[in-house]
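Once you scroll down, you'll see the structures, which are given as structure tokens.
Below, subunit A partners subunit B and then partners subunit C, in two separate complexes.
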Partner chain A sequence: MNEFLRVAWLVVRKDLRVESRSRELLFTTVFFAISCVLVFSFGFVRGGRAVEGAAAGILWIAVAFSGTLALGRAFERERHHDALRGLLLAPAARPAIYVGKLAGLLLLLAVVEAIVAVMVAFLFQAPLFRFPVRLFALLALGTIGFASVGTLFSAMLVRTRSRAVLLPVLLYPITIPVLIMGVSGTAVLIAPEPDLAMARLWIGLLFFFDAVFLTLALWTFEPVMTE
Partner chain B sequence: MTPMNRRLFPVLAGLSLFFFVTAPVIIIRAPYESTMGLVQKIFYFHFPAWMAMFLAIFVLGIASGLYLFRRKPAADRLAVAAAETAVIFGLMGLITGPLWGIKAWGVWWQWDARLTMAVILELILIAYLLLRQYGGAGSDRLAAGIGIFAMANVPFLYVSTEIWRTVHPRTSVVPTLPVDFGIPLWWSFAGFIVLCMALLAARVRLEEQRAALDRLYLAVEED
Partner chain C sequence: MPYSEPVHFERITVADVSRHFGRRRALSRVSFDCAAGQIVGLLGPNGAGKSTLLSVLATLAAPSTGSVRYGAATPGAAGAALRAQIGFLSHDLQLYPELSARENLEFFAGLHGLDDPRREAADALARAGLDDRADDVVEGFSRGMRQRLALERALLHEPRLALFDEPFTGLDEASCVKLVRRLRSLRADRRIVVLATHDLDIVDGLLDQALLLRAGRLRPLGGEGTLRERYRAAVASGEAR
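Up next, the complex of A and B:
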């Protein structure tokens, strides 16, 4: 188990080091997320105010869109000089490599979400931070669900043609439950009369989704990535 | 598997032909439903089409798992067949649904739980076929991964859309149907399930022939 975590940590450290040299993923993803929120504001603002209940949807769609962008880029990087092949040839457990890549993406998305959540709260007058712990749980569990499926798909698409378009085509339908749970959970939290029991239900469902899909991803990563 | 499959198809095709020729007679004889009248009879094709789709998705998930972990080429052929069959039955459901909805609810489409789930499942299956079509070499293994995820997604889609909202009649009405409605329903149901299996058998056979053809080409080129 220690060996597993050590390998995962090495992969995370590698990704962080690459990122700290260029900051490419961080800057492009954050900028993309901000543009997403602005584009939505043109669709959902009427007479100077946001349409009621739009905030939760805008938050989650911005996260999903920028997440897809980050997922694609994170593995595009591994294509240069056959880096992914090198990674897979390393004498280490394949699932540990998956966990390392996933953890790196989660760190990146956490930064994106912190910025987007503040932006949505600020621009759409949404009381997002009324229940900070519950909002954090929703965002964390939702992101883990989205990214755990996304990391697997993105990794397996690295070798295929037309991967840029196939990633969203495959990822969005499969992760729609995450989007429904996340948006509904956030919506009941920021509603004028918050429904905490419903929020707890959505958080619980997200937890189950994460458990099932993380297990499945760890289980299928090895055979899917074997040539 | 090949010779059995060859014998299986005519039997299944004959059986489904029998069911589909006799089903209209039985459906006509069934009583009219009190509030919806004639339009309710779509039900006898609508519900079985969805059940056939779920059967095909189940086959897809199991076959994908077998291919991914046991590397059986036959399982991969079954998975493609199941995905295409599921898309066909899903389309049937998606066409008969709005036809019924416009009469029963007055609108073609509602963002109801079942409808949402149906459309998402159809999307997942089409995405699977897109991957197989445009993924290039090696996409069969990736598609197997997607197949497993598609099957695992069904319960989550069910629960999340169910809580989200529901106007669609619950499936729990099915076992409690009066006999007059039940007989045509289960008759059509049997017809659709047998048709689903016949299509699967035919489609698997096509894949087998393709694989055999590829082998022959390779053998000729080697000479």
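Up next, the complex of A and C:
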């Protein structure tokens, strides 16, 4: 297990080091998420008042769209110069490579979500931080569910020519439940009369989804990566 | 080594290996074997299947039919323990251009579970003659420098089987001489070296076994003259057929 985590950490550290030099993923993803929220704010805020219930949907749409953008680029570094084969030839557990790539993406999306959540709370005057722990749980579990499926698909499609088109086509039908749970959970938290029992239910369902899809992804990553 | 015990093998046996990509047949019933202390050359025109065969030997691609055995081990059963004994320099160099030469080597040394990645990386940089550029990002390196670095990356963990796809690409004359010397030292260490190359003049006299691949099939290479003459004769006779 220590060996597994050590390899995953090596991959995360490598990705962070590369990102700290290129800032390619961070800038594009953050810029895209901010643009998304700004555009929606012009459509859904009239006379300083936001349309009721819009904030939860817009928060998750920004997360999903910017997450898709990041996922599409997740394995590009490995594809260029064939570094993926260098990784796969290492005598390490291949699921550890998957976990490393996933963890790197989660860190990136955490930065994006921190910015987007503040923007949505401000522009839509939504009490997003009334229950900060529950909101954190929803965002964290939702992002893990979305990114765990997306990282697997991104790896699967790395050798495919039309991967940019295929990724959202494959990703959204499977991750729609995550987005629905995220939106619904956030909506009940920021409603004028919050329903904490329902929020707990959505968090529980997200946890279940994550457990199933993480297990499936770890199980299938090795055969998927063998040519 | 923190991983499970590496597989030890003295011979590779390729038996009736075919590899299809959809309807295209990249390799067709290829059979040969090679022993420890041998350098095997894969020769052939572009698209003959040399890189595919190297990928199969590296366990990165599974044969559609046939089998490859590493001593008594098979890729399916031995998995990571077998990969620990394979070093692969592909035509694309498997380096991260945003990282420095040292960071690239330390990363791969870490992945291979070497005890002291820093020292291993420093030694490899010295062997590549890149100590003075160790902390420069690879993006700024010439093709020859990248090639030398990638070669050391492939040999960092002292693999029993070293696979090289066009190892002389981009190297100047002095670097080619060094590489030939390195290949000879690998042979002296009883490693198995398989290299795909078009640089027939450089490898003439170096190879213990030369295999000609044409359209995915192994063809006989005649016995008279220099390697280039034998290669030309074999290719011409294949075209005439």
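Criterion: the second predicted complex is superposed on the first by the 224 of 227 C-alpha atoms of A that agree within 3 Å, B and C clash if a C-alpha of one lies under 4 Å from a C-alpha of the other, contacts with A are read in each partner's own complex, and residues count from 1 in each chain.
As a convention for this text, a contact is a pair of C-beta atoms (placed from the backbone, for glycine too) under 8 Å apart; a residue touches a chain by one contact, two chains touch by 3 or more.
This is a predicted model, so every value here is computed, not measured.
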item	value
First (subunit B), second (subunit C), both or neither touched by A:L166	first
Partner chain in contact with A:A70 - subunit B first, subunit C second, else both or neither	neither
Touched partner set for A:V99, first subunit B, second subunit C, both or neither	neither
Partner chain(s) touched by A:G86 [first = subunit B, second = subunit C, both, neither]	second
Touched partner set for A:R21, first subunit B, second subunit C, both or neither	second
Touching partner for A:A55 - first (subunit B), second (subunit C), both, neither	neither
Superposed model, subunit A: greater residue contact from subunit B or subunit C	B
First (subunit B), second (subunit C), both or neither touched by A:A199	neither
Partner chain(s) touched by A:P177 [first = subunit B, second = subunit C, both, neither]	first
On subunit A, positions contacted by subunit B and by subunit C	226-227
Residues of subunit C touching subunit A in the complex	2-3, 6, 55, 58-62, 80-81, 83-84, 86, 88, 90-99, 103, 107-108, 110-113, 137, 153
Subunit B-facing residues of subunit A, complex	149, 152-153, 156-157, 159-162, 166, 169-170, 172-174, 176-177, 180-181, 184, 201, 205, 208-209, 212-213, 216, 220, 223-224, 226-227
Sites on subunit B touched by subunit A in the complex	68-69, 120, 123-124, 127-128, 130-131, 134-136, 138-139, 141-142, 144-146, 148-150, 152-153, 156-157, 159-161, 163-164
Contact footprint of subunit C on subunit A as seen in their complex	3, 6-7, 10, 14, 17-18, 21-22, 77, 80-83, 85-93, 226-227
